[in-house]
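Here's the structure, in structure tokens; my notes come after.
Order of writing sets the chain letters: A, B, C, D and E. Residues in each chain are counted from 1.
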Amino acid sequence: MNNGAIVAATFFWMVAWFANSWLVKLNPSNQVLARGINLLIPLIFGVTLIVIWEGITVGFNISPVLLPSPSMIWARIAASTDILWADFTQTFLKAVLAGYAMGCISGFAVAVAVDRVPFLRKGLLPIGNLVAALPIVGIAPIMVMWFGFDWQSKAAVVVVMTFFPMLVNTVAGLAASGAMERDLMQTYASGYWQTLLKLRLPAAMPFIFNALKINSTLALIGAIVAEFFGTPIVGMGFRISTEVGRMNIDMVWAEIFVAALAGSLSYGLIALLERAVTFWHPSYRS
Amino acid sequence: KDKLVLQLKWVTQAQFAGYYVAKDKGFYDAVDLDVEIKPGGPDIAPAQVIAGGGADVIIDWMPSALASREKGVPIVNIAQPFKRSGMMLTCLKESGIKSPEDFRGRTLGVWFFGNEYPFLSWMSQLGIPTDGSDNGVKVLKQGFNVDPLLQKQADCISTMTYNEYWQIIDAGIAAEDLITFQYEDQGVATLEDGIYVMEADLDDPKKVDMFQRFVKASMQGWNYAAENPAEAADIVLENDATGAQTEKHQKRMMGEINKLVAGSDGSLNVADYDRTVKSLLSGGSDPVISKEPEGAHTDKITKGM
Amino acid sequence: MAQSGGLNRWFVDRVLPVGTMVVAIVVIWYGFAVILNAPFERDQAARADTSLTTMQLVNKTLAQERPVLPAPHQVADEIWKTTALKKVTSKRSLIYHTWITMSSTLLGFAMGSMLGILLAVLIVHSAVLDKSLMPWVITSQTIPILAIAPMIIVVLNAVGISGLLPKAFISAYLSFFPVTVGMVKGLRSPDPRHLDLMRTYNASNQQTFWKLRWPSAVPFLFTSMKVAVAISLVGAIVGELPTGAVAGLGARLLTGSYYGQTIQIWSALIAAAVLAALLVMLVDIIARIVMSRMGMAR
Amino acid sequence: MSIVIDAEGLDLTFQTNDGPVHALSDIDLKVLTGEFVSLIGPSGCGKTTLLRVIADLEKPTGGSISVNGVSPEEARLSRAYGYVFQAAALYPWRTIGGNISLPLEVMGYPKAERAELISRNLDLVNLTGFEKKFPWQLSGGMQQRASIARALSFDPDMLLMDEPFGALDEIVRDHLNEQLLKLWAKTKKTVVFVTHSIPEAVFLSTRIVVMSPRPGRIHEIIDCELGHDRSLDIRETPEFLEIAHRVREGLRQGHSYDD
Amino acid sequence: MSIVIDAEGLDLTFQTNDGPVHALSDIDLKVLTGEFVSLIGPSGCGKTTLLRVIADLEKPTGGSISVNGVSPEEARLSRAYGYVFQAAALYPWRTIGGNISLPLEVMGYPKAERAELISRNLDLVNLTGFEKKFPWQLSGGMQQRASIARALSFDPDMLLMDEPFGALDEIVRDHLNEQLLKLWAKTKKTVVFVTHSIPEAVFLSTRIVVMSPRPGRIHEIIDCELGHDRSLDIRETPEFLEIAHRVREGLRQGHSYDD
């Protein structure tokens, strides 16, 4: 056991906690500064987690086969950028993006189609909610069987996973515009498409973005897990499942790091987009 | 009674009949052992489990065991019930593949998760690249079943003589329509199911004694299974908690497994070991292990039996 | 009269549309079963040097032992055989496996909800945690759980935790998220005037929590618990894979996959879907009872 | 002067879960061109429902009604009226200009004409310079003026207003009342106006329809001839107080204190 | 009669994203025991803010204020007042009885005493028999009465009311005004009352504080000695109209029409 590392990590934790408590209370009037602080606080928190992790793995001499230390993971990331990039290309740039786009667009299109027919809406929604709860581990092998080994089957899994959240949210969103607003369009003798375009879609945007955000994390997880069930020998999921068998756990965490980074960045990107598109929503007005 | 946890490499099936028989028939009880058998699965790495203290003894294939050892999990082979290798590549005849040279430009299904080493060293001995270059083979990470062949997503897939091969047959494809390449026949066989423990445990006389009793009782189980294959298959079925195994399949598997175990008294044949190591080291630019392993096997357990 | 009107409405609004949709799905399913299973039958016919009439082809595609896509009646038959015709304690009984999965689902769901509520309470009451924790809670959900599940299990094993708990942990890891998000919203939902009112009574933090924040968060809690219970089930199934896939619906899915038993996979999938529906319904019923006790069901 | 709205024996019953609600019962009402008619009455007496029937947002279950000599639906399709709701009901994702542009877009006005109409109507309600602002950046009174500009933008002959100033404070309300009256005098539009406020009704209207609830019906119609040129000060004149008193009495008779 | 509220040179500035908002500026106000003081003024003039400062829900940034001779915080801690909001602000998950019981629970009254107080106060606001109902099962006027009962339940000497009847229709409002006046005469509590309505202020108050915005300050304080025994009819008396006129004038002078 290495007590020094543990003590150092604990000390760092305490310092970081005080730093954050202080930063929170600062509350500056300067906008840029305030935004900076809002970024800094979770960053300090994250760094603290990593330092504690390092402290524990080093301090308690944890076998790297069980849990490698962050420094080892970082070294692995630095040494294997080419492999990580190739895997990222295969899994994210091909499977996730294609599946995400197809799933979201088709979910949206079906929602708009279904919205005109209440009977379809009532029938599809409960079933949609059910299918959305199906475990990917059940769907992935089937998709590999149907769509082959390459990224297409992963994209298909992503489509299945993202379709229903989008469908359900869009349908709810299309129903979200107020009765008064819809009456207003009636008084203009507005047609179906005009009402859809000018009222119901804008009003549905917060819901649609909700689905886009949920789907952004679902898509990545889905593609990675689907790769457990057959892939060409490249891809984040392939690497993770293979390197565990080879006892290269640091490589596994390197991929997990890339996945978490990509997932968080896409989520953040969509959140920014949401802010720009639904700027009018009360939750964004100061 | 001494408690001992055994981590298998794969799910409950006749491949591990010896251990289940030893447990059910009371052979372990007879040597004062209380053995808990943990089934494996697609993402269970026995070496990781033993490193984490989740098991005392594991069943693993030698290539992956040696690779793990190089990665810093000091596991040692204490016994080798499987004498022969059951691994092969199975192709559809209609693909036109007649010899390993015909693999070039084809798509082959391979198991990963540490099971790819025998394949990789075979290919490198043949001089066939596996990195997707033109005159090489295209490698797929094969799932857990034979669908890629049935769906014609691959020209050949990895199968075990005792398991997947028969699934292809069961799926309605006649043996004449298939062509198989056994690793054993190709001279690239590596040792499969062996018994491994942590190196440090071998310094503990109490543990050594336990392992001796374990290996002895297990081999007793294997012998019993060889003599009573039908009963052994029943015992396996009995122990399968998933309820997914069929009697027909397990009886047949038992027969094939017995062929692989035949001729082993449990001790590791050093010549087999050397052959395996040589095969793994000869991997050209990307060998499975980089240097001759040391202390990766011991007869400390089997010689006392 | 109101009673029968309600029943009638329930039929027209729920049963009829959903039923129609199910029928439509089954029809489409049959169509795909024929299309997807046909190539194999054609190959077989070609190997045997015979040719098939369309009728023969259709019949054969709907009765394969290892179909690419099993026909609905095959799945129904399998479900019937593995539920009604087997003792529930039998390892071949789907009910037995469903039960195994359900127990880790419920345990994981309970732990996940608890953790979710706890995090939400911390986030709502501490400005530091609010700002530092929330982004990481989101990041935690971008980690592919199935990837680290085996390692979690090994690590838990190393500290001597095994059995139901590791599976439940994975289930909890997935399900705490919607609860946290919902509860943070819920605990912050009281009208500022209600909070002021408590201040005019000079109420303590605890009193404000129990008399105001908590009750106003209850509707949010139930909404997110409905999402969480479905996710818990996914987590429990995922968690069964690296624990040796010994029993449970996940194990059925996986072993079905090893042995190419597509019919078994599909029946396990259907069982999972039905279980999910039942669990969501259960939470919904509890929600209704609690809410009407609280006078919030109108 | 011709008859713009002609309702006879109008009936409307809502079918709800707890049985039928008799929202309108035997309503007879004629409104002439250029009139300013207020509907006043306690909550739930059917004011909104009556206005919605005129606007073809609700179908009566009995009786007959014509608007501009045709059915309400035909009148709606020919864009005969502008409707102003209690809350401004502006779309938060459109600027003030964009909101006023909305009916014009729906009705297919060309872009140049839209721009012209927007600025003219903004001017009419004293909001010049706020075209690029979003609704939530304006005060309640300004929002309500914008929503009136929106209803006026396509120059309908009739305005239907459902408690347009209900959410505003008294001073702002007085101010808007004055402006509305001027607008009405200038444009000569027919106005049907729903309100809760007695002074507001008396100040604005040429006729006041006092309604009473359960079932919603017309209790009394009070003429209110205070001339077209009223200032806020007339509210302290005896004529004004007289009419206000009559309205209050009418309301009280129709009211039941069961709450 | 002693001084209950004593504010001198009170200032309050909110720091917001778009710079400071001067909500209260140089407020001097004394309220004596048993008085009924109304705060009236256009939206945003600081009425609510002033009431919140008295209730210690907001800290002034300048000047001094005492309540019952001590600081507002000490007064709040000693539960010196009951506060009534615009909308009833009842908890939907508690029955009417449960809502009235809320402050009593927080203040640690024993159960028996709570039951006793609940029924007494329900009686006071004419809601006997509705104890077990949930708020949404009552009309708006009844809800507001329940919220008054809640504020009265622990028998504070002072009532702070922020537009308690703002959301109700005129008839119901008149009715509640009458009841409130009776209650006040009976209990002799000190009341500070925020309103938008001139007739309401004149009808209820002994003194009317007219405020004006930007920055929020006191424009004028108008005495209103119409005696304790008023009925709704006095609203048509010349004295009443006179005071109403003065209030309106005061409001208009202080008002700026920039919205």
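General observations
Just so it is clear, a contact is a pair of C-beta atoms (placed from the backbone, for glycine too) under 8 Å apart; a residue touches a chain by one contact, two chains touch by 3 or more.
Not measured: the values here are computed from a predicted model.
Among the remaining chains, those touching chain B and also chain C are A.
Comparing chain pairs A-C and A-D, the larger number of C-beta contacts belongs to A-C. Annotation: 84 Å between the Cα-based centres of chain B and chain E. Centre-to-centre spacing of chain D and chain E amounts to 32 Å, using the average Cα coordinate of each chain. The geometric centre of chain A is 49 Å away from that of chain D, both derived from CA atoms. Distance from the chain A centre to the chain B centre is 38 Å, each centre being the mean of its Cα atoms.
Annotation for chain A: residues 66, 141, 145, 228-229, 241, 244, 249 touch two or more other chains. Among all residues of chain B, those that touch two or more other chains are 42-43, 45, 48, 52, 143-145, 147, 151.
Listing the residues of chain D that touch chain A in their complex gives 52, 55-57, 76-79, 81-83, 85, 87, 89, 91-93, 102-103, 105-107, 134, 136. Those residues of chain E whose C-beta lies close enough to touch chain D in the complex are 42-44, 138-142, 169-172, 175, 196-198, 236, 241, 245, 251-252, 255, 257, 259. Note for the complex: chain B touches chain A at residues 42-43, 45, 47-48, 51-52, 64, 67-68, 71-73, 112-116, 130, 138-145, 147-148, 151, 153-154. Only residues 13-14, 16-22, 25, 36, 68-69, 127-128, 131-136, 138-139, 141-148, 150-151, 154-155, 158, 230-231, 233-234, 237-238, 241, 250, 253-254, 257, 262, 265, 268-269, 272-273, 276-277, 280 of chain C touch chain A when the two sit together in their complex. Per the touch definition, chain C reaches chain E in the complex via residues 191, 193-194, 196-203, 207, 211-212, 215-216, 218, 294-296, 298.
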